[in-house]
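Got some structures for you, see below.
In the two complexes that follow, chain A is the common piece, with chain B as its partner first and chain C second.
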Partner chain A sequence: MSLFGIVIRQLVGNQAMATSKKVITRADWEKKLNDVKVKKEDMNKLVMNFLVTEGFVEAAEKFRFESGTEPDIDLATITDRMEVKKAVQSGNVEDAIEKVNDLNPEILDTNPQLFFHLQQQRLIELIRNGKVEEALEFAQEELAPRGEENQGFLEELERTVALLAFEDVTNCPVGELLDISQRLKTASEVNAAILTSQSHEKDPKLPSLLKMLIWVQNQLDEKATYPRITDFSTAALEDPAT
Partner chain B sequence: MSETSSQSQSPPEDSIGRYFLDIWSQNSKTLSLRASSGTESAFEEEREESPTALDTVKSSGGFSVVGADKLSLTYPNDQLHGHDVGVVQANCPAPSKRLVYYFEISVKHAGVKGQIAIGFTTSAFRLRRQPGWEANSCGYHGDDGRLDRGHGKGDVCGPPYTAGDTVGGGINYATEEFFFTKNGVVIGSVYKDVKGPVYPTVAVHSQNEEVSVNFGQDPFVFDLKAYEAEQRTKQQIKIENTSIPQDASYGIVRSYLQHYGYEETLKLFDIDGRNTMPPISVIPENGDSEEDSISMYALKQRNTVRRLIKSGNIDETFSTLQKWYPQIVQDHTSAICFMLHCQKFIELIRGGKLEEAIVYGRGEFDKFKDLSGFDDLVKDCAALLAYEDPSRSSVGYLLSESQRELVADAVNAMILSTNPKMTDVTSCKQSRLERLIRQVTACFLEKRSLNGDQGEAFQLSQILNSATK
Partner chain C sequence: MPTSATSNHPGRPEGLIGRLNSANIPYEAKLKSLRDLKNQIIGNRTKKIAYLKLGAVPSVVSILSSAASAQGCIGDSREFHDSVLIQSAAAIGSFACGLDAGVKAVLDAGAFPLLLTLISHLNEKVADAGARSLKLIYQSKLAPKYDFLQEKNMEFLLSLLNSKNENVTSLGASIITHSCQSTLEQLALSEAGIIKRLVSLLGGSISQKDASLESLAAVIKGNPEVASKFMGPESGRALNLVIELIKDKHPRTRLLACMCLISIRNTSTSYLQDSGIKSTLVLVLLELLGDPGQVGDEAPFVLSSLITEKEDMQKIAFDANVIDNLCENLNSVSFQAKRLQGTFLALGDLCSELECCRDRVLDSKVLNFITEALVHDSAEVRAATCIFLKNASRSVKNLSAGKFMNEAIAVPLVQRLWDSSTPVQVAALGALCNMVVDFTADKSLFMKCGILRHLVVLSKSMESAIRVSAVWALKNLAFHVSSRCKEEILSELTSATLASLISDPEASVQEQALSLTRNLVDGTLNSVNYVIGEDGDLVHAIGKQLQSTSKAEVLIQGMYTLSNVASGNELHKKAVMTQLLTRAGNDSETLMIKSLQSSDSRLRTATVWTLINLTLPNSPDTSTRVTELWSAGIVSQLKNMVNDPCLDVKLRARMALGQLMMFGDALT
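Right, the complex of A and B next:
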């Protein structure tokens, strides 16, 4: 076949693919769904993984009993992890640091960024509580030396100390540091580090599965029309647009 | 509907019972063994054939000699015309229902000109031409390092290779590319526009050239596992960037606990969830929305019955159902009654009461004669009597916790269907989570089948066992 012939054939082929999507009726699609084999055991594992990773320790314990599913981590370690997380969330950073070190001193030793963020959070809490002198002292003695090692840390430190310069901190340019979301951010960073140190994934698998569903449906949309699921709160099949 | 066969007349409740009976049949090892040859499994790709040797039937005349091991190739010693290429394909096409296919060759002798090539060709390929010189083929050439794919010369250029080198050819089905390696390092890739099956192909082109082929019978020089992991991560990053509604996962977990009547877990999940920062939007303060009332239907009752079955107390399960939901056990010949009687029989054997089990079985099983699939399942149950240690036999699954769980799930679905507000039978049988998993799986399979059967299927078990961060 000549090169010209090949090019023509490919053009025609592309055209056909662009215009004609496969149409899959609801009845046909339901048949395909029925052919899928899903093990109850696997679903239980998925739910257990979510409870454990998100730190629902009591629910995980009950779920183990009610469903007979073994957790993929020692449940006792969840309690410790959640205590650290809650300490940061409620502003007791010193307490949190102590608890992390009790759990495993390597976590902070091997993770300077996390340690810096915890110290930064501690500084934020001091400023929030109006302990100006204590805050300055802490910034100079504990945080400044770290800033010298790392340009990013230094910038963060300067941003945080700037909180002291404003009368009305809630409306100043760096006011977001005092927001609850900053605590949550730090807390979830510690949470992830502890999970990693326990050789556990830091995120549950279920959200990834939902992302996969949206992703693969978008991909399949290019080639076919079929009943989709877009509303997770009902998981109902929607009739394909024709 | 004008059809009046007894099948279509059966009430929806019976379709639920039969649905769980089918799941039981699938779980049965003895039954699935018998069925595996006939029915098509959703995960056929595990059994896809892979090349193991060079093909000796379709050889290229006298211009190549395949060794007795069918894993080595030489160009004949005789003085032959310079345009005659010796090309050999593998004994079957590269499997495609996976992420990556890969094979390697080691150059033993570069011969006179070192014009060795590794690549992929279709079954229609003329075995007297270098792979990559013709349309629908591609090849990585030893003498000049070019990666050709039948579109004129030198699309991409890699390093040349010669005696002592090991080079590999692979197909990345996720990116739809051919890629090539030299001594364990990827040297380049080209777009794979060839449709349909392709064969791993090796070519020799000058006197005394000699190569050996590794279809995976020996360890590869290239770290294929690491490459696969890297490709998976790349795909994962794309998927992770998809956004989902906040707290969607919490809602799905919660509905799962409601669906199966894991009442205690649900209670603690809600308490914990209310104390979480930031608060989880899908957990209602006092749980009384319309949506919630359907999911919470008979939660306490369902939980009670589940616990009875899970503790092996079938007599009390029957009497409780009789009291609360007589319609479920009304028809003595229904699938759900059959499952409960079987479970009772199993529990007697678990308790070592073999004689009682026999008497019970003789008394109860007879009336289910007309239930399809009943025969095989009764045989499975009866087989428990034959073994001294039945838990380690082929029907040992009957004594596992998951069998109890299955019966409990079946009864749970039956109770859900008694809700007058429940209109959809599927949502009695399957939780929201299960419907989502089915949808993901079906979408991946459909996407692959519309893409020439290329790529991996979605398997929940693989995701559960993967430990990527």
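Right, the complex of A and C next:
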């Protein structure tokens, strides 16, 4: 993406100039930033890429209407994907599995790790709802055979079943499996697999751009004092400490 | 699972199959059962096997069949029919996915032609489902071979590749990957313009790219003509596309791009030989070895195809620390069959030539994993482990250091001689062949494992591959050992068996049997005496084989054996004379003259050595033998050889002539 290149070239240019730790004033910095030309269309594409990958269909449609940016994927397919994601997020894993299989039966047949994680999530939901017997039966019939096929799965299964041993899960060392974050993790794994099956990037580009910004600032910190961005939600420049 | 509890539960296999087969339930309920079945088996190998045993596949195929023949309905029922088609095709595809027994059941039930008709269905989703399932079937070895040489078939294939439907184009490519084997098929595909179409798919979706790379590799493999067409006038472009793809984001695409490039460079030595691409391929594969999924399972096999029999590539891989990575794989795979097999194969390739590789492997404690790998459930893993041991033990230094001499390796390895799989037996014999050479350090260990008895029994195997390796191992066992050990070998083997091995129908067995005899009679008079004995049957067997064969290797080994025998006592020498001066059948020449006139310098050398042993001046009967040799025309023959182009022959011929002349003076 051209945007990355421009920003990095600019910053590396600064690096080269600094023999000892150089101080760059706010005025100089802003002048340099103003010299960097970023095309509006590129910014728009970045936003659209984020909306599509994260599955914000309505926002994507509105953004297309307002900015004229074309999404690189059929928006209708996003709806199906979001339904799957929502089903996992709300604990309806069985429903999610059926929807994935309708979308493309190859996904779960050729991705044992994802299939195991969905089944594991099903087990977690049974335990959460206090269906102990059903949970045990499910673990034995559906998950144990996967554990036999793969040592890693077996370990994860053992961890999950350990949830049953604690009456008060707040004291359970594997209690985090019951957190909403576990659902989100599984949901995002399914989301990524569906995207890959549709030949689409599984991660939006925006977060990697942010990561790159942080990395570049860290690099630059060693060589220069400059107005850095610390609050990423506002992207405000902070005056360099002198 | 307890069968008694199963029938009442709605999701249980028996009930579900019952509903699928029942004529009395509404079609809507059938559709629901179909979908249930599909959702139960996807991703679940255990369920697939359970349903296979219950005969689910024929039930599903018959539903697909009746739905397919009931086309042309309108309104609601069309949508309903399409759903039945989609669900049944998907269920069939899942049975075929990653399970050969499933593929077999699907093919036996006649699903193949039905799925083919779905591809051209107007409803894109139906076409998708049909193409996906066929694609999964074509990933199995059991899929029917597609005949490209029929014009009609080639047209159909092209129509698949030109389809707008992504799954259909991928299916076309999968058919090529599965079925393209002969040179003729490769040429036919190339002439039909398939390559151009495949290259254009390299710019498509992920699955199209992958399918196209795999088929390109299959079409080019081992066919220089097709390779040059691919590289042809506007080739740079196609090749560059593939080279770009080894840096693709998707690991599977990177792996297949490597596979495609390796297929090209292994086909012709003029492509992709620069050091840049060599090390790039090694580095990309090195990184893929660490992939936790299927790509990581397949990467060592692709690596093996890159380095096998190529010392330069092995060196590059060594320098890139590939060995450490492969060994790490052994630490972490918890013995998963496919990856273990690939890892040992690649390590075996690395150890095939370079001593530095062997040292590195042995230092990295790989041998600790051998015991378990040798008794692994999978025959492929056991065979790969033996092949690795064979190559790792190709080192005099390590053998002398006794690196392989411990019970943890020897005992399970000797047990593999009786493996249920022939390839494992052959590979184990190959490893033992190396390990028994000159194992002066601790010979008793293998003997204690009963290796001698095992080898003797295997030398009588019905499988010629096993006979050859068993005799080969016996030969190495007999290499430079004491007469007592030779006696032990021969008394276990018996000279009758040895004679019949010398006359084995397979030339490769004859060769090994002759060189085993050669090793047994090598050395002291005692050895010759013990092996040849008084009756001379063995010498006769050797002579007979030499008369009847035309294989150079057999002739050479046989002649050297005679030469060793000719160093024995007067009786032995006499037996050898008889063989040398025999004319077989309608032959006008004796074995001796024929051998001296051979175009193979090694055979000439061996024969002259035999003559030297027969005419040694200090033997009592030499003068009698010299007389016989003179009248058989030896002198004029040897005189022709004093300027032999082969230096060895030239020197030995002069030496033999000198000995003959010492006695010959008396004759003239």
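To be clear about the criterion, the second predicted complex is superposed on the first by the 221 of 242 C-alpha atoms of A that agree within 3 Å, B and C clash if a C-alpha of one lies under 4 Å from a C-alpha of the other, contacts with A are read in each partner's own complex, and residues count from 1 in each chain.
Note that a residue touches a chain if its C-beta (ideal position, glycine included) is under 8 Å from a C-beta of that chain, and two chains touch if they have at least 3 such contacts.
Remember, predicted model here, so these are calculated numbers, not experimental data.
S.K.: Quick one: on chain A, after the overlay, do chain B and chain C clash, or do they fit? Just give me the call.
M.R.: clash
S.K.: After superposition on the shared chain, which partner residues are touched by A:Thr196: those of chain B (first), chain C (second), both, or neither?
M.R.: Both partners, chain B and chain C.
S.K.: Let me test your reading of the model: by the given contact rule, A:Glu66 touches which partner, first (chain B), second (chain C), both or neither?
M.R.: first
S.K.: Which partner does A:Leu210 reach: the first (chain B), the second (chain C), both, or neither?
M.R.: In the superposition, A:Leu210 contacts chain B only.
S.K.: In the superposed model, does chain B or chain C contact more residues of chain A?
M.R.: B
S.K.: Can A:Pro105 be said to touch chain B (first), chain C (second), both, or neither?
M.R.: second
S.K.: First (chain B), second (chain C), both or neither: which does A:Ala87 touch?
M.R.: Touch partners of A:Ala87: none, neither chain B nor chain C.
S.K.: In the superposed arrangement, does A:Gln113 touch chain B (first), chain C (second), both or neither?
M.R.: Touch status of A:Gln113: second partner only.
S.K.: Kindly classify A:Ile97 by the partners it touches after superposition: chain B alone (first), chain C alone (second), both, or neither?
M.R.: second
S.K.: Please report the chain A residues shared by its interface with chain B and its interface with chain C.
M.R.: 196, 199, 201
S.K.: Please name which positions on chain B make contact with chain A in the complex.
M.R.: By the definition above, chain B touches chain A via 26, 42, 135, 193, 236, 238-240, 242-245, 248-249, 251-253, 256-257, 260, 262-266, 268-269, 271-273, 277-278, 282, 291, 306, 310, 401-402, 405-406, 409, 431-447, 450-451, 458, 460-461, 463-464, 467-469.
S.K.: Which part of chain C faces chain A closely enough to touch in the complex?
M.R.: Residue positions touching the partner: 1, 35, 38-39, 42-46, 90, 93-94, 97-98, 129, 132, 136, 205-207, 249-250, 292-294, 334, 336.
S.K.: What part of chain A is in contact with chain C in the complex they form?
M.R.: 97-98, 101, 104-106, 108-113, 115, 141-142, 145, 149-152, 196, 199, 201
S.K.: Which part of chain A faces chain B closely enough to touch in the complex?
M.R.: Chain A reaches chain B through residues 1, 6, 10, 22, 24, 29, 32-33, 35-43, 45-47, 49-51, 56-59, 62-63, 65-68, 89, 180, 184, 187, 196, 199, 201-202, 204-220, 223-224, 226, 229, 232-235, 237.
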